[in-house]
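Dropping the structures in below, format is structure tokens.
Each of the two complexes below includes chain A, the first together with chain B, the second together with chain C.
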Partner chain A sequence: MTLELKYLGMIAEAVGKQEEQLTISVKTVEGLCDYLITEHEQLKNHKFKIAVNHKLVESNFLLNNNDEVALLPPFAGG
Partner chain B sequence: MLNDIEKYRYSRHLLLDEVGAHGQEKLKAAKVLVVGAGGLGCPVLQYLTAAGVGTIGIIDFDKVDETNLQRQILFTMNDVGINKAIAAKVRLEQLNPYTDINSIDQKLTTENALELFSQYDIVVDGTDNFSTRYLVNDACVLANKPLVYGAIYKFEGQVSVFNYNNGPSYRCLFPEAPEAGSVPNCSEIGVIGVLPGIIGTQQANEVIKIILEIGKPLSGKLLTYDALNATQLIVNLTRNEKQVKIAQQIDLKTYDYDYFCGIKKDDTMNEISVQELKNLLEKEDLQIIDVRESHEMPKVEALKALNIPLQTIPQNMGKIAKDKKVIIHCQHGVRSMHAIDFLQQNGFDNLYNLTGGIVMWEN
Partner chain C sequence: MSEKKIKNVFVEGPITPEKIASSIAHHQVKTNIGAHDIFLGQVRADDIDGKTVQAIDYSAYEEMANNIFHEIREETFAKFDITCMHIYHSKGIVKAGEICLFVFTSSAHRKNAMDACRYLVEEIKAKAPVFGKELFEDESHQWKVNA
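What follows is the complex of A and B.
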């Protein structure tokens, strides 16, 4: 399937881009995260939540073709 | 009631059907607490004061530094070295004499948070670290106050309204604090000066909407803004009862936020995560000790834990095994840390602290 990925905050720095289109065969959000962590080792040092099509989801969420997936890290600053 | 000078002052609000004299009186009756008078706090305070919010509290222990002036627009060169809450009060009183400003030049702590929050209707988070962010969230849950959240990173910001009309809390979005030191704040990594202006102004807008009961507050939604691309993303959040319950059951007197956020670590203490414990349970015989009071929930039957409340540890040391691994747990992992500290001083070297406490079992 093809996914539209959006990386926010420090996640964008860890993967070196703010967005990308990724064609990949995974079933769940967890599978996608495992793939991304193997591709970008730095990601494993970060905590982030996942939103699929503008909705926060858990790691067992089943992905569909053309889903928009955003990786949201917490921000400290004020 | 508004006097004639106030009616003139707020005339552009009074012209709006959504505000009017009735709305302006609501603003005057409202009490808002702003935690942190930094990059976010400054525009929040400035707009709420200008809008005529009747009572505004400011808590900040920090002093104005010249490096703050790039974005903390309430302050001038004359304020450098002065406490931010006190300097802000002086400026805000010049802006609007019809607003009562209470400045508190102290750190928000587990001791003062609840009493302070109970005096206000709405709390605004303008803090710059995770320990205080989780404290602000939990104290809002405990005191049942809506929380207008904002946070920034370099060119990006987040805004949301938590704990509003049974909506989600900060813990529903981020149940676990990031590793200590893994997320830098503005003073460590830099921030574009205008960003806290944009995000703080959005927070002020949310506060005013909540007071006036107009529009749709950002409850159940996280707005993220990217200043470099002028794009925003709104993500829907749902309330996670388990996470809200964690906050509801916290006893602020014993909870250690620096420990929860991993800032305080004891190298002499062995830690074990819930997942590691689940794996270990299948492999070897362990003793599990629950140092909570006997009535505290949840109880995990599978652990077959021996209950020895923290205060009774000294007289019950004989019940604690020395010939196998002993896992000590409490609700959130702080009391168990104290128990281990005491027991290690009494010769035990086989103890493990369940990281995050038993509430992590289901997560």
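What follows is the complex of A and C.
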């Protein structure tokens, strides 16, 4: 499947980009995170939540082709 | 979920005192209102390891953030008997001493306006995907995290 990845805030800084299109064979958010951590080792040192198509999801969430997946570091609004 | 249009909460740069004043002025025609409450978030010049924060560069996952602000707004209308509410949040650079968040609630009586305003601010801080890079005078930075 192909996913639209969005990196925000300190996560964008850690991976050196704000977005990318990724073609990958995974089922869940957890599988994707495992792949991303091997790809970008520095992500190990960061806390982040995952949003799929603008909704926060748990690690067992099943991904679909063309999903937009965002890695969100701790919030700092206000 | 209501069918109401999702508003854009984000303002480029600081929220000016003039914008706040004009927002207050716009409510003078709404004479069923008896109480307003306003929260203003201001960028603080924190001292961190001998360096002082000069500004915060705000960014957001904007589409999701506007959806979340919309949900928070709907929940607040459901919970409190208020006449209206307004939320503005900065994006981009806001210098120390400038305003980055403006929350404005209005009601017939003070309790609802005050309770709704407090609820909104706490929900925004906890749920909105907004990120802040604290910029120091030597051009280094660190990422702000809400307590």
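Here is the rule we go by: the second predicted complex is superposed on the first by the 74 of 78 C-alpha atoms of A that agree within 3 Å, B and C clash if a C-alpha of one lies under 4 Å from a C-alpha of the other, contacts with A are read in each partner's own complex, and residues count from 1 in each chain.
By definition in this document, a residue touches a chain if its C-beta (ideal position, glycine included) is under 8 Å from a C-beta of that chain, and two chains touch if they have at least 3 such contacts.
Since this is a predicted model, take the numbers as computed values, not measurements.
Chemist: After the superposition on A, what does A:K6 contact: first (chain B), second (chain C), both or neither?
Modeler: both
Chemist: Could you figure out whether chain B or chain C reaches more residues of chain A?
Modeler: Per-residue touch count on chain A favours B.
Chemist: Name the contact category of A:N45: first (chain B only), second (chain C only), both, or neither.
Modeler: The first partner, chain B, only.
Chemist: Using the touch definition from the top, say if A:F75 reaches chain B (first), chain C (second), both or neither.
Modeler: So A:F75 meets both chain B and chain C here.
Chemist: Name the contact category of A:G16: first (chain B only), second (chain C only), both, or neither.
Modeler: Neither chain B nor chain C is touched by A:G16.
Chemist: Take the contacts of chain A with chain B and those with chain C, and give the residues found in both.
Modeler: Shared contact residues on chain A: 6, 8-10, 51, 54-55, 70, 72-78.
Chemist: Can you list the chain C residues touching chain A in their complex?
Modeler: The touching residues are 41, 58-61, 63-65, 67, 89, 100-101, 121, 124-133, 143-146.
Chemist: Looking at the complex, which residues from chain A come into contact with chain C?
Modeler: 6, 8-10, 13, 51, 54-55, 70, 72-78
Chemist: So in the complex, the part of chain A that touches chain B is made up of which residues?
Modeler: Those in contact with chain B are residues 6, 8-10, 18, 45-47, 49, 51, 54-56, 70, 72-78.
Chemist: Which residues of chain B touch chain A in their complex?
Modeler: Residues 36, 38-41, 125-130, 133, 150-154, 156-158, 173-174, 176-179, 182-186, 191, 196, 222, 224, 226, 229, 233-238 of chain B touch chain A in their complex.
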